[in-house]
Each structure stands twice: as C-alpha cells, then as structure tokens.
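Notes to accompany the following structure.
A, B and C are the chain letters, set down in written order, and residue numbers restart from 1 in every chain.
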Amino acid sequence: MDTRDVSGFPLTLEGDPTPMVSFRKVTKSYGSLVVLDSLDLDVAEGEMVTVIGPSGSGKTTVLRMLMTLETINGGVIYVDGEPLTHMPEGGRLVRANNRHMRQMRSKIGMCFQHFNLFPHMTALENCMEGPVHVLGLSKQDARERAEELLAMVGMAEKRDQHPSRLSGGQQQRVAIARALAMRPKVMLFDEVTSALDPEVIGEVTTVIRKLVSEHNLTMLMVTHQMGFAKDISDRVCFFYGGRIEEQGTPDELFGNPQKERTQQFLSAVKEAG
Amino acid sequence: MFDWRWDFTFEILPRLIVATGNTLLAAGLGYAIAVVLGLVLALAQRTPFRPLTMAVREAVEFVRSTPLVLQIFFVFYVGPQFGIRLSPWTAGMIAIGLHYAAYLSEVYRGGLECVPKGQWEAAKSLNLSMPRTYFRVILPQALPPSLAGMGNYLVGIFKDTPMLSVIGVAELMHTANAIGSETYRFLEPFTLVGIIFLCISLPTAAAVRFFEAWVRRKLGLS
Amino acid sequence: MSYFEFLSQYSDRIVSGTFITMALTVLAALLAVAIAVAAGLIRMAPNFAVRGVAMVYIEIFRGTSLLVQLYWIFFVLPLFGITLEKFTAGFVAVGMNLGAYGAELVRGAILSVPKGQWEAALALNMSPAKRMRRVILPQAVLIMLPSWGNLLIELLKGTALVALISVADLMFQVKQINGTTFMSAEAFGTALIIYYVLARFMITPFMRWLERFMMRKMGRA
C-alpha cells in the first residue's frame, strides 16, 4: 500500500515539452530492503534512455514499475502527463484503480529478458492476440498489422511457427513485434539480449537500432551490452544502490565518468568482456 | 424439513465413538501391512530377475486400477469357495493392505529413484554387502522423498475403511448404517460420520505435512 | 458349471453392468472436470470469503470418504427436499468427490505456469479474465493432463461404490450373480478384469491420445 502522502504532487503534468515519462520521488522497497530510493527521472518524448548498473541496483525495477508489474511505496509516476500509479479524484491524487491502470497501460509496451511468448500460439497469433482481444481490432486488420511488424523484424517467413520452434533471437524479435502491435508510446526493453547466445544478439540489436532510427518512440532499456548502449542511447543512467549515481550522454558517461563508482563499474565491465 | 435431534445425537454418539476406534484400528493395521508389503513389492521390482520384476509390475498395475470394494468382496468370498474361511476382519485387512501396498510400492519406487547413482557406487567401493547397502545407505535416503506420498496414503487408507462395512466389519459406516436401519433416522448418523472423518483426516493431513517439513529440516534438506 | 458356461449364462448382465459403469464414468468425469475448473479458479479468488467457499468445499470432499458422501447424498439429502434418483445420486457423488481432487490439480497447474506468462499478458494490457482464459488456462491444461489420467482411473474405481445404493452397474451385477451362484472367483474375477481393461486399455490410451492431441494443437509436438 501507498502509505506516503502524495498531496504535494501535481494532478497532471503541464508545460512544454511535457516529459513522456516522469518518476517523482519514487520509492520501492521489499520489507526493509530499499530497492529504489526517492527516484527522480524524466524521459522526453522520442528519447532513448539506457539504464546500466550492477545487479541489485534496482534498474530492472524501474521498468517493471512503469509496466505496473510492481507497485510502488512512495512518490508518483507520470506517463504522457498523466499519473500512472495514481488518479485525480475530487481535486487530489488517489491510488489508481484497475480501470485507470488499464487505460494508462495501453501507452506502454514491454519486452522481457526471457521473451515470454505464449507457447500455445504461433508467432502471428502472438502478435494478433493483443490487437484483437484488447484493442478490439478486426482479425483482418490485426493480421495485416502483425504481418507488417513481423516483416519489419525479419520474421515474416516464420509467422506460423510456435515459439518452441524458434531460436532465442527469433523469439525475441517476435516479442518486439508483439509489443509494437499494441502501438505503445513508450517501449521498455528489459535485458532483452541477456538470455541470448552471443551469435544471435546482433539480430535483436539490429531491430532495436532500426526502431530508434525510423520511429519516434520513447524507449527505456536495461542492458549489459555497453557498446550497444553507447551507440544508440540519447542518455545513459548509471544506477547504484537504488539511485541514479550518474547520468549523461553516452560520450560523457562512457568517455569521461565523473564518479568513482561509475569508473569502477565501467572498468570492471571492460575487463570482463 | 430440517429436524436435527440432539437427544438422538447424544444417544448414538457413544456407539459411533466405539466404532471410530475400530475404524482407526482397521486403518492402522491395514497401513502397517501396506508399509511392509509395499517395500517388498518395490524391492522385488529392482531384482535382476526379469520375469519377477515384470510380474510384480503388472500385479501392482492391476491392483491399482481396480476398485478396492471389489477386491474386498473378492478376498472375502473367494476363500470359502476353496475351503478357506476368512473372518471379515482378516479378509478386509488383506484386501486393503494389498491395495495400499500397491500404491506405496510406487511411492517407494519414486523415492529409490531419487537416490543418486553415486551413492550406489560409493557403497560398492566400500565393499558393503547388498543388505547393508540398502539398509544403511539407500533406504535412509529414499525415505524423505517418500514421506509426502506415504502420509497422503495414510489419510487415504483411513478414508477408504468405510468400504470394509460391505463385508460386515463393524467400523463407523457399518455402525451408522445399522443405526439408520434400526431407527429410520439417517440425518444424524451419516452427518456425524462425515464430521468424525473430517475431525480426524484434516488434522492428520496437517500433521503429515508438518512431520514431513520437520524431517526435511532435521536432515538438512531445506 | 464351467467358466465358459458361467460366461454364456451371465454375459448379458455383465455387459449391461459394464455399460452402466461406463455411462457413470463419463457423466461423473464431465461433472468432475466442470467442478474442478470452477472450484480451482474460485479457490484462487482475491476475495477471502469467495475463496473460502471453494476451500470449504474442497476440504469437506477430500476430508471424508466417497462412500460417506454417497450415502449422505442418497439418504440424507432427501430430508432437505432434494431427492436424486439413485443413478443420478451415484454419478453426482463420484463427480463431486473427484472434482474436489481435480480442483487442486487445476490450482497447482495454474500456479506452475511461468510467472513471465502472467507478466507478458499484463504488458499486453489484457483483462484478468482474458489473461486467464487466453493465456494461462491453455498452458495449465497441458501441465495437468497427465495427472488427470490417474484421477480418471480413481474415478472409474469410485463408480463401483454406487452398487451399494443399488445402481445396476458392473459391481452390482457381479454381486447379484455371486449371491445366486456362489461362483465368487468367476463373478468377481471377471469384474476385476473388466475394470482393469477399462482403466488400462480405454482410459489410459484415451488420455495419452488427448495429451498428444493437445501438444500438437499447441505446437509442442
């Protein structure tokens, strides 16, 4: 339960430009373990923000909270100017009900480390499931949309295969198409290459690069691929101990890290790989 | 419509409680037979003599896939046909003991398969005899994974004892039936039997889970 | 009387009893599946009171004997104004009993669907009902099918008890035959073999086929 007072937070975000995603003093803890400590983070529309950091630093939690897979213990998250975790009622913010959350969730799409494709559906059916059963598209429209996206991720020929017949890289590309089929405004990538064999990581990163260059999506990505993060991010946030230790453009953060912990982390990662 | 009579309830309760003793005795005896015989059946399936293992395997399958109540009738009535007279208790214990021995042999088999191959090799390398290997090395390790199944079947055998009433074993169901046909009142005796069963099987099931967790902790498995 | 003569004289009754047993098994199985899915889902409801109803049902039917339940439904329920004909009482008792066991299978299978599947369905913004019906249940079915094979054999065995309220099933017929002929080994032995054949050569192969069918349907074959 949200026990903290949220009276000081605005009902909606105004101003131009309004950030697409905004964390305001967001706290998350499991019992006495604080995973995120009063996090403030804004992501502008069309921006690609990469989150890096050691395991246990709370970076995956950031994405999971945004997808409403985790509740928060304090603060407010705004998406597209509206509160995600709360809703205005009688001139103040109250905890969001399911209806509000479902309406807000439609702005967000997510890809998971372990793909989480539905094993009983083909690639095409995976991509049609949400459009037909959530958005209410006709089967014909949903099929066209799904085929177009599968072609975009290079999976058109495999559209009638079940996930068990696909390699990890292929499954992850279908998962990206499935999330995009919902036309989200924000895409979340949670360690999408971590479960892949090294030789197929490229096929997934190529798709994400394409998204960055051809679409104006707002994206948040957690990754261990430093080179990839450096190439495509507009901004990189280094998480440590539940807070943002340092952030900046890829050149700043990777080229000239200011904080000692950032330097240690980057040199440790460099040594490992 | 709903005419529960408390005076009648208290009148028949002592008889039902005595019968509960018989039910528990039947379950206990049947279980004791099943625990031992089940182990024999499980070990018989591990002998290198193929015809024996195949025969035991089929017999276990047969007993497991046919109704206990029919087996009880079979054991009770077939004996006299060949000049062997069995009391209801003896026939009942043989039938229910055999039925659950088949179930327990499967539980043991699962438990034995949990013991890593390296344990057999270690026992062999120490030159332990076969009985010693089984009793000192293999069975103690096969027991903990078998406990959950053994506990479930302890509760199971208890719940199956009412079937013994069909050949006249004076357990709970038989007594309730007798009360019903004497007094033409079924509401109280049958409901009481249900309640007595719940009062015993629910705590037993809980105790079994507790015991299993305790053994696992004791052996450092969790 | 030789066994051959025994068979030729009583095969009609044995065959008709076998058909009654099969009918009871099918009807009880349909009821058990329906109850299992309903009780299994209600058992997982977020509301404690709602969940409690299913828990009480499951505990009562798993905590007492099928025979007690059968007698209760047949002899006591009429006192409450609900009179079931004996055939109906028979398959209802068996179905309700095995349905309670099945409910735990349903619950266990739903809980063992990987967490990522729930999360992916949520990320697609599916409603809770859609998540369950379109994503979780199809996968849970595949997980629990093997256990249902054993449960259906228990159900077949359970139907033998309805002979005790005089439903003319296989068990009842051989009991009657035994009473008039005293050929116990022949009568009960034949019934044992028929039950075995029904279990091993009808239920088990049917469930294997169903498993393969579902696997193929879900692209896992």
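The rule is short, and it goes like this: a residue touches a chain if its C-beta (ideal position, glycine included) is under 8 Å from a C-beta of that chain, and two chains touch if they have at least 3 such contacts.
Computed from a predicted structure; not experimentally measured.
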Smallest count of steps, each to a touching chain, taking chain A to chain B: 2
Contact pairs, highest-scoring chain pair: B-C
CA centroid of chain A to CA centroid of chain B, Å: 55
Whole-Å separation of chain centres (CA-atom averages), chain A against chain C: 46
Approximate Å spacing (C-alpha centroids) for the pair chain B, chain C: 21
Residue numbers of chain A (touch at least two other chains): none
Contacts with 2+ other chains: residues of chain B: none
Footprint of chain B on chain C - complex, ascending: 59-60, 63-69, 71-72, 75-76, 79-81, 153, 156-161, 163-164, 171, 174-175, 178, 182-185, 188-189, 191-192, 195-196, 199-200
Residues of chain B defined as touching chain C within the complex: 1-3, 61-62, 64-71, 73-74, 77-78, 80-82, 159-163, 165-166, 173, 176-177, 180, 186-187, 190-191, 193-194, 197-198, 201-202, 205
Residues of chain C defined as touching chain A within the complex: 114, 116-117, 119-127, 130, 134-135, 138-139, 142, 217-220
Residue ranges of chain A touching chain C (in the complex, touch as defined): 67-69, 102, 105-106, 108-110, 112, 114, 116-120, 122, 129-130, 133-134, 161-165, 175, 178-179, 182
